[in-house]
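First chain A sits with chain B, and in the next complex the same chain sits with chain C.
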Partner chain A sequence: MHFDPAVLVDYWPLLLQGAWLTLQVAAMALVIGYVAGIAVALIALMPGWLPRLVTGCYVEILRNIPFIIILFVVYYGLPFWGIRLPATLVGTVALALFASAYYAEIVRAAILALPRGQFESARAIGMSPMSAMWHVVAPQILRTLVPPSTNMTLTMMKESSVLSSITVPELTYQSLVVQGNTFAPFEVFAAVASIYWLIAALIAEVSRRLERRVGAVQAEATSRNRIADRYLSLVARRS
Partner chain B sequence: MGFKLDFLLSILPRLIGAAAVNIRLAAIIMLLALALGTALTIVRAQKIALVNAFIAVIISFVRGTPLLIQIFIAYYVLPAIGLDLSPEVAGISAIAFNSMVFVSESMRGGLATIDTGQIEASTALGLPPHAIWLKVVLPQLFRRIVPVLINEATIVVKGTALLSVITVVDVLRTAQQIASSSYRPFETMVGSALVFLVINLVISLSGRLAESRFAAARV
Partner chain C sequence: MSAAPVLRVSNLTKRFHGVTALDQVYLDVHAGEIVALIGPSGCGKSTLLRCLTWLEQPDDGFIEVAGKPLGRELMPGGVVRRQSRRQIDALRPQVGIVFQQFQLWPHMTALENVVRPQIVVLGRPRAEATRRGTELLTRLGLADRIDRHPHALSGGQKQRVAIARALAMDPALMLFDEPTSALDPELVGEVLAVLRSLAGIGMTMLVVTHEIGFAASLADRIAFMDHGRILEEGPARDIMAAPKEPRLKSFLDLVRTDRRIARTTANPTE
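Let's turn to the complex of A and B:
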């Protein structure tokens, strides 16, 4: 067995097309999923038990079912109700649906972590609920929102590989096509894994810039003492 | 063509039967991930620069690439380098490797919450390193990461559904077989969604019970 990247020479355009579609699908699902997630979070915070129950079911159902099953339910469910869409669109909608449950929990937790007085004082000085959310709550939760949202977006981008099973020609789908043509699994999957790795690094970099902008606080593990660190820390002490 | 609830009910026994495969695989994967994750954490704590740099690359790879790709690597690439694994074993290896990294990463977080005085005391008493790990650090660490492990268990259960793409006959593949012979894919998929929902809710709920037990034991 030898590693020969030359077998891929004719297939780079195909893989790059796939990577581009993966990026587009993930970006679309991020936007749609986040908007839906904010809506679900705001409903969850409405007074009374009913909104919390309904949104709780929404979140728990979507988080406890494998994404590949959610994808197939949407894929077969839409035509069932007479809606026929191209596979790429179906996949994007399913991905956004899946991500919205997690984004909703992130947004809800961030709002709950803010002292309640913030929203109430804004209301007391006569702001409408919407404008209190937008002008008082939103700016303050941005910094707590960025790190978990980045994690979720990375997870969601990786889950988009599952769209290959409904023939969306994204990166994983193209890798299987190339694998079928070249019979060079080592080269193909090394290349594809590297591309995903790059996309993940790209998302992480965008998030780092965003964090610097909104001043997100990242918990930094500090070493405490030399003896305890022998067991309780996994990073070498800089001295 | 309406939603046929009686059809859904009629196929549930077959789907539940297939769920035994997912549960068995998930249990094996969790045990492996826990053992390997613990070992990896202890190795990382030795802080050997070259080894940790290598492990950091592995961790970044596992976290930066889709699980599905990791499963394909185990299924297509390992045989090419002479390791001919059955689909089940390839799938178990891929998910366990993935989960090992997440277990070790959550252990890293857990370690930071253990009281430093205990390590100083154990060292002062002259306990050998293996005793400090086994009797002092690990028992507390495991308790602390129970919530994370429960969450990881549900992620692993969800991950086993991906093994249907490498021909493991699990809930999803059984559902696909039923769907292609009955032409009722929607009901079938809703059925398998229900099966996974129940498995994971049971895991989460029993996890919450176990947590409150541990919380009580700590006092």
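Let's turn to the complex of A and C:
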């Protein structure tokens, strides 16, 4: 028995189709999950004990159950209510649900880390809570959001391989198909591992660029002080 | 004075977990008047300002700004009605506050700090808001600083941006929380000049401070607060020269001795 990648030649299109679907599912779950996460975080910060209790339960339940079980509960639970949806849709929603709990905690922590006076000064001048969040809080937490959100997105993308167990034809599912046809599991999974790695590297690169862009805006606002300004102006004059 | 006061506080009470921070506070501030609120730390001065901006909800009592009730109103038949968040937000621009730490928004330039709330809260067009912001910052001596971010400004400059931000909302009343405490001591004169210039244009002000000298040289009236109550109030000169309340006397003695000690240690030959 020897390593023979040539057996994959006929099956590349299948793996690429799977990779493309993985990317699409992860992107959709990122968008839906982040929107839900922001909503949960904002509700969690509302005054009173009830919003905190409800969102706390939401986050705890989703974080303390293995993703594959969440997936099965959603996938096999929906038909109980007479709802039949395509597996890909159900899988994407389950993935978004799973990620939203973590995104919510990331957003909540970032908001809480900002000095309270920032929000209060916006409220005291007459901005509504949403305006204060939008104009004053959000621009200041963008940069702190990027690294932990990237981590979670990478985890979520990798976790999407679990969707193969409900027949979503994403990368892992396709690799199982190819493996069944070629009887060359090592070659197939080595190739699939490389593709996952590529997708992860792509996400990390997008995040790096995003961080640099948001960072550039914020660096101007926060890191420069008068001494640095003076120094920079002297250096600039010289050159 | 016959006209209705710009600020009328009556029976204002605030408790934190059983501790009474404000205990039936009554205070009137009339148009064009500067009132200094003095007292030892923890006496409730800052809590009062937070209640006046509704950042803290008082448990009892009423606040009236320019004749309109804020937060809670008395309906015919003696029913007390809590105002909606929208109603309160609509009144908030009427009360300008300059926080102890200024709380400028670091991601915006000085000008944008002044312009953005006008657009968001008052719905002014950007051009008009910019014109008004530039005019205010120029009047406060910051014409060459309008494009700087707060981190490139000195403490005194930040404070003036914060003042401009509040003034741009055309408030009926300005509140200052310890305007001298976050600045270097030698800037106290500068703050005094800025606040006097506001008085010059007829602005009504309530200034919380624990600097007696500052209060005495700025205010028309002084109110002394301790343990959540206003114990004595009156014209600044009378309060300083002949305090009646024993606690105010001992407070003034204490602060004055402190100052004498500070001066002699700084200047031992004196």
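Basically, the second predicted complex is superposed on the first by the 215 of 239 C-alpha atoms of A that agree within 3 Å, B and C clash if a C-alpha of one lies under 4 Å from a C-alpha of the other, contacts with A are read in each partner's own complex, and residues count from 1 in each chain.
The criterion applied here is as follows: contacts are C-beta pairs under 8 Å (C-beta built on N, C-alpha and C of every residue); 3 or more make two chains touch, one makes a residue touch a chain.
Just so we're clear, the structure is a prediction, and the values are computed from it rather than from any experiment.
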_Quick check on the superposed pair: does A:200 touch chain B, chain C, both, or neither? Answer first, second, both or neither._
first
*For A:117, decide between first (touching chain B), second (touching chain C), both and neither.*
second
*Mind working out whether A:179 is in touch with chain B, chain C, both or neither, as first, second, both or neither?*
first
*asked:* Once chain A of both complexes is superposed, is A:158 in touch with chain B (first), chain C (second), both, or neither?
replied: first
_Is A:83 touching anything from chain B or chain C once the two structures are fitted on A? First, second, both or neither._
neither
*Which partner, once the models are overlaid, touches more of chain A's residues, chain C or chain B?*
B
_Is A:73 touching anything from chain B or chain C once the two structures are fitted on A? First, second, both or neither._
first
*So, does A:125 touch the first partner chain B, the second partner chain C, both, or neither?*
second
*Using the superposition described at the top, list the residues of chain A that contact chain B and also contact chain C.*
221, 224-225
*What part of chain C is in contact with chain A in the complex they form?*
53-55, 85-86, 89-90, 92-93, 95-97, 99, 101, 103-108, 116-117, 120-122, 149-152, 154, 165-166, 169
*Which residues of chain A touch chain C in the complex?*
115, 117-118, 120-129, 131, 135-136, 139-140, 217-218, 220-226, 229
*asked:* Could you list, by residue number, the parts of chain A that touch chain B in their complex?
replied: 1, 60-61, 64-70, 72-73, 76-77, 80, 154, 158-162, 164-165, 172, 175-176, 179, 185-186, 189, 192-193, 196-197, 200-201, 221, 224-225, 227-228, 230-236
*Residues of chain B that touch chain A when the two form their complex*: 1, 3, 41, 44-45, 47, 49, 52, 60-61, 63-69, 72-73, 76-77, 80-82, 108, 111-112, 114, 116, 119-120, 123, 132-133, 137, 154, 157-159, 161-162, 164-165, 172, 175, 179, 185-186, 189-190, 192-193, 196-197, 200-201, 204
